[in-house]
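Next come two complexes built around chain A: one with chain B, the other with chain C.
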Partner chain A sequence: MAYTPQYYPGSTSVGINRRKHMSGNLEKLRDIPEADVVSIMGHRAPGADYASTHPPLKEMGEPDCPIRQIVAPTPGAAAGDRVRYSQWTDSYYFAPSVPYWRSYWGAINCKGCDPGTLSGRQIIEARERDIEAYTKKQYDSEMTDVALCSMRGCTVHGHSLRLEENGMMFDMLARTEMGKDGNVYAVKDQVGIPLDKKVNLGKPMSEAEAKKRTTIFRVDGVSMHGKVGARKYDEAVEAMHHMWDLRSKWGYRPE
Partner chain B sequence: MVTKSDTESIQVEIVPNRYLMPATAQSLLNEIYENGGIIRIMIHGPNLPRSVPYGPGKGAPIEENRDLLIEVGGQAFELSVKVGRIRLELESEKYFDGLKAACERALPFSFQIRRGKFFHTRPTLTDYAKFGKVEDTRILGLIDPKANKDRLAILSEEKVTIDDKEER
Partner chain C sequence: MAVKHTKKLFIKALNKKFATEQKLLASKGIKEDNIQDTKTGYLRLGPDQSARKREFMEYAKKLEGKRGMTGYNPYVHCGGIPLGQRQLVPYKLSGTEYVVEGDDLHFVNNPAMQQMWDDIRRTIIVGLDMSHEVLQKRLGKEVTPETINNYLEILNHAMPGAAVVQEHMCETHPGLVDDCNVRVFTGDDALADEIDDQYVIDLNKLFPAEQAEAIKAAIGKTTWQAIHVPTIVVRSCDGGTTSRWSAMQLCMTFIDAYNMCAGEAAVADLAYAAKHAAVLQMSEMLPARRARGPNNPGGLSFGFMADMVQTSRTNPADPVKVSLNVVAAGSMLYDQIWLGSYMSGGVGFTQYATAAYTNDVLDDFCYYGVDYAVDKYGGFAKAPKTIDVAKELATETNAYGMEQYESFPTLLEDHFGGSQRASVLAAASGITCAIGTGHSQIGLAGWYLSMLLHKEGWGRLGFFGYDLQDQCGPTNVFSYQSDEGNPLELRGANYPNYAMNVGHQGEYAGISSAAHAGRMDAFACNPLIKATFANPALVFDFADVRGCFGKGGAREFRAAGDRALVMPAV
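After this line comes the complex of A and B, so read on.
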């Protein structure tokens, strides 16, 4: 039987969603044109050439190295692209993804990237054409809800604040806005520079759907312990206790 | 036995479960104003800068945060924060129930309202640095100690003053 990695324990909806995020087996909810993703990222004008930091690998004449023969370079590395980033902020109010799970997703599923996890934001760095593809995947998949998640290169403040009246996560720089038609529009790039044209990101998730798709354990949502009042804790807690136990013993008595 | 005076002022904090749009903030403040009995009031929330404060886009104007004018009690003033919390001092307890009803009328979602002590009574070091010796102690607790300048909208019967730099 083929081996299936078991990414995360537990039978709660959050545990299942966390496994989905880590495995990369995500549902596609929307299709935002590549040019729009590029313009929101703000590193390169859509359609412009990729700037490079070195010549294409084929022209460079690489040294004879067994690892280089085994590992095929990513398209960005092969072309010598510069390294660029995309950074996400996810609301505590049942955003589908959280910084750790974006990082797990990146580290497991995206070749040649460098995920960075912070409390309120998550950044992935990679070669330019690679990061554009990874960012589009994040935007299009169920990892992102357009009201509760947004791409913020700076001034990420908002993830831990109450939502706005219209259900959007607070953004000091007003990079996204709720249109009268109920769709969310990106009006600025990730660092707050206005875009030439608004980008329609589609409708946000309903509160019930966000709760269904979230990877956040919350006291007013799904508890990490599983069903409240159950005789047995969910496997997620058992696994965490197990890891804590081993780590403590390793730390205190390394044998 | 000590009997509490029913004319003693009380302090109240209102925390809506969502951040308020300027229109909702205006209707809430007007309802509170009409309820009467206010000694002082402070609105609190995250800052809304007029231009991008840092990063590669530093200096780019944020049109959405400009001219957020609201009119309270017939006087207009500009919001510089997203309203998320209102603290006020009422002349006496008898205005409290009316205040609660005012919030219920103006807010389309749930909120928390509680009594407590929310304004400090003795000047802090920051207060001293900003004002020197404070003559009118009502001003204590109304200033954001972290603001570059004292941002304060004083609504009195005579005039409205807003002391804030245009570009920050």
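After this line comes the complex of A and C, so read on.
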């Protein structure tokens, strides 16, 4: 019988969404043009050649080995692209994704990438043309809401701050703005350098939509613990208790 | 019994913290803000909105002419977008009425914080008994309370850097070294009675009766010198100097007080006692790769840190308060000074550390957890010392804390970094478990469970290093393997997995303290440390750590080591 990964426990919408992110089985909500994604990333001008750090692998005369036979290089690795990044900040207020789930998505679904997980930002590094493709997937899919998530290479402050009055996540560098037409526009790249032209990212999710798609447990959404005096633990808590218990006991008696 | 948790303690602090913002918003016609609103107006007023930043900019302008080159200028930040795009809000020191600006809690701007560390590294504890045996048995000298009083009078002249025995010596100005002093303490009440009061740390007066008896029983009939060399000495040299400085003055004083030959071999015995055989450093020397001598923060164990803080003798009935003063001391020393400056040199460490001792947040979470434990198990340290109890108490405390962050957006904003929230939630869980069971290892187990649950709930935790330190951490809680298996009290800043991340070490010290505070113990790890830091002549008040930090921030604290006496007036 073929193995079907279970990914994550729980029957709540949060558990279901977490499984979706990990499996890569995500709904596409928008289509940001590739050139716009590239300009927001800010590593190369759209249409420019890719910078490389080594010749294409086919020209390198690499030694034959079993691993090379098993693992096909990604397009970026095959071409010798340099490694670049995209980094996301996701708001506490029901952003669809959160740092660990962006990392799990990357580690499970994106070949040749290096995810890094912090509290207020999440970075994925990969060969340039690969990371461009991975970034577009994130931008276009239900992992991202354009008001509650944004690409921030630096000065990421904002994930835990109250939202702006128009529902946008605070950004010290104001890299995105709400247009009068209700669409969100990117006006600066990841590190805050102004773009030549604004990029229309589309309309943000409604609060109800964000709550439906989020991967965050919250007491005002899907609670992980029930409430004070009426505790009801999600299956995620029970699973974590089990792991903590085993880790603690193994440390005492490794066997 | 601790203060019963009847209301959310952080609300008052948040109202104070956001009061100016609310006025500002109202003046701009934006609806009066509320600490539970999820949305607000960001006024982007820049650094000028803060009195302290204005002071910095004005001073920097004056300096620019004087220095002939540029310096502080927040407008070089982020291509001309200065900090202050969100409202810059002040901080209330937990458990006090002090409200200061964040800048005032950077240790460079806070003389009380500096003095706390100076008071630790300028301290050395040296036993008297070994030297007395040399004098009596080898040299045939008589040692009596009278000779000890005479010795202590000479020592309090010599220890600050004045000459005895020798002629034509260069001495230190008494006004520069007035914080230096030596007192003795002993478990022998009869001997203590015979020593001049000015030279004694009176355990019976300073400690509650039961604690005094416990400390005296642990010390026995031995006698110890609590030595504090001048602050200015350790600021010019380092903590490794303390034992050398003190040993030199001790030997010279013995020579003078007991009419010894200055060059006879017996002096070497006294020196050996003062430098090695009868000495207790405040912290261990670090491995060569960290390149620090003894009496530097990296070798300071959590148990010693817990014993340096004196809230256990002034507020023994409130173990949460005891633990939180230790957390404050530890967060400042281990995070702001050790990791933030010695090891890293960063600017952000103040923000990390202050979360644990400002705005009554950790206080609220701890009182909630401890009250829950007391209600369920009938008192402090009454719960069984089991992993199941750690699971129950940590899960409940952590859940409560997460719910507060979710329900009060300004609270979440106050602890805007995941490392801050992770440390506070885990510290509350660990302290609850430690006070509830009276066992530091159960507290540590609660800490790690909180970390895992936190990450699971919100899908994020702290900085990169939390991945290793906290997610594999449960395996070291009950380990007895040689490189990772110490009781928490004996672990320290250089314990293998703890040497990398802010927001942990001060809290571990707090958990060490909590276990013993819950049990109403007189000390957590070492009675000599507890007795020495009871010395009323210390400049920093180790019984009121957070209050002292507040005084420092409010510019009400006078530190030692001032050089104004020997410099032209500004």
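By our rule, the second predicted complex is superposed on the first by the 244 of 255 C-alpha atoms of A that agree within 3 Å, B and C clash if a C-alpha of one lies under 4 Å from a C-alpha of the other, contacts with A are read in each partner's own complex, and residues count from 1 in each chain.
Note that a residue touches a chain if its C-beta (ideal position, glycine included) is under 8 Å from a C-beta of that chain, and two chains touch if they have at least 3 such contacts.
Here the structure is a predicted model, which is why all the values come from computation and not from measurement.
Engineer: Which term applies to chain B and chain C once both are placed on chain A by superposition, clash or fit?
Structural biologist: The answer is clash.
Engineer: Just chain B (first), just chain C (second), both, or neither: which does A:His241 touch?
Structural biologist: Only chain C is touched by A:His241; chain B is not.
Engineer: Once the structures are superposed on A, label A:Gly116 by its partner contacts, choosing first (chain B), second (chain C), both or neither.
Structural biologist: second
Engineer: For the three-chain arrangement built by superposition, which of chain B and chain C touches the greater number of chain A residues?
Structural biologist: Between chain B and chain C, the winner on chain A residue contacts is C.
Engineer: Touch check for A:Lys197: first (chain B), second (chain C), both, or neither?
Structural biologist: neither
Engineer: Determine, under the contact definition given at the top, whether A:Arg68 touches first (chain B), second (chain C), both, or neither.
Structural biologist: neither
Engineer: Applying the document's definition of touch, where does A:Ser160 land relative to chain B and chain C: first, second, both, or neither?
Structural biologist: second
Engineer: Is A:His54 in contact with chain B, with chain C, with both, or with neither (first, second, both, neither)?
Structural biologist: neither
Engineer: Does chain B (first) or chain C (second) touch A:Phe170, or do both, or does neither?
Structural biologist: The answer is both, since A:Phe170 touches chain B and chain C.
Engineer: Is A:Lys232 contacted by the first partner chain B, the second partner chain C, both or neither?
Structural biologist: neither
Engineer: Which residues would you name on chain A as touching chain B in one complex and chain C in the other?
Structural biologist: In chain A, residues 154-155, 157, 161-165, 170, 172-174, 192-193 are touched by chain B and also by chain C.
Engineer: Tell me, which parts of chain A touch chain C in their complex?
Structural biologist: Going by the criterion above, the answer is residues 18, 92-93, 97-101, 116-120, 154-155, 157, 160-165, 167, 170, 172-174, 192-193, 215-220, 224-225, 227-228, 231, 233, 236-237, 240-241, 243-245, 247-252.
Engineer: Chain A touches which residues of chain C in the complex?
Structural biologist: For this pair, the touching residues of chain C are 30, 37-42, 78-79, 81, 83, 85-86, 387, 391, 395-396, 399-400, 402-403, 406-407, 409-410, 412-413, 415-419, 421-422, 445, 448-449, 452-453, 455-464, 467, 472, 474-480.
Engineer: Contact residues on chain B for chain A in the complex?
Structural biologist: Residue positions touching the partner: 16-21, 24, 46-49, 52-57, 60, 62, 64-65, 82, 84, 108-109.
Engineer: In their complex, what parts of chain A are in touch with chain B?
Structural biologist: Within the complex, chain A contacts chain B at residues 42, 153-155, 157-158, 161-166, 170, 172-174, 177, 188-189, 191-194.
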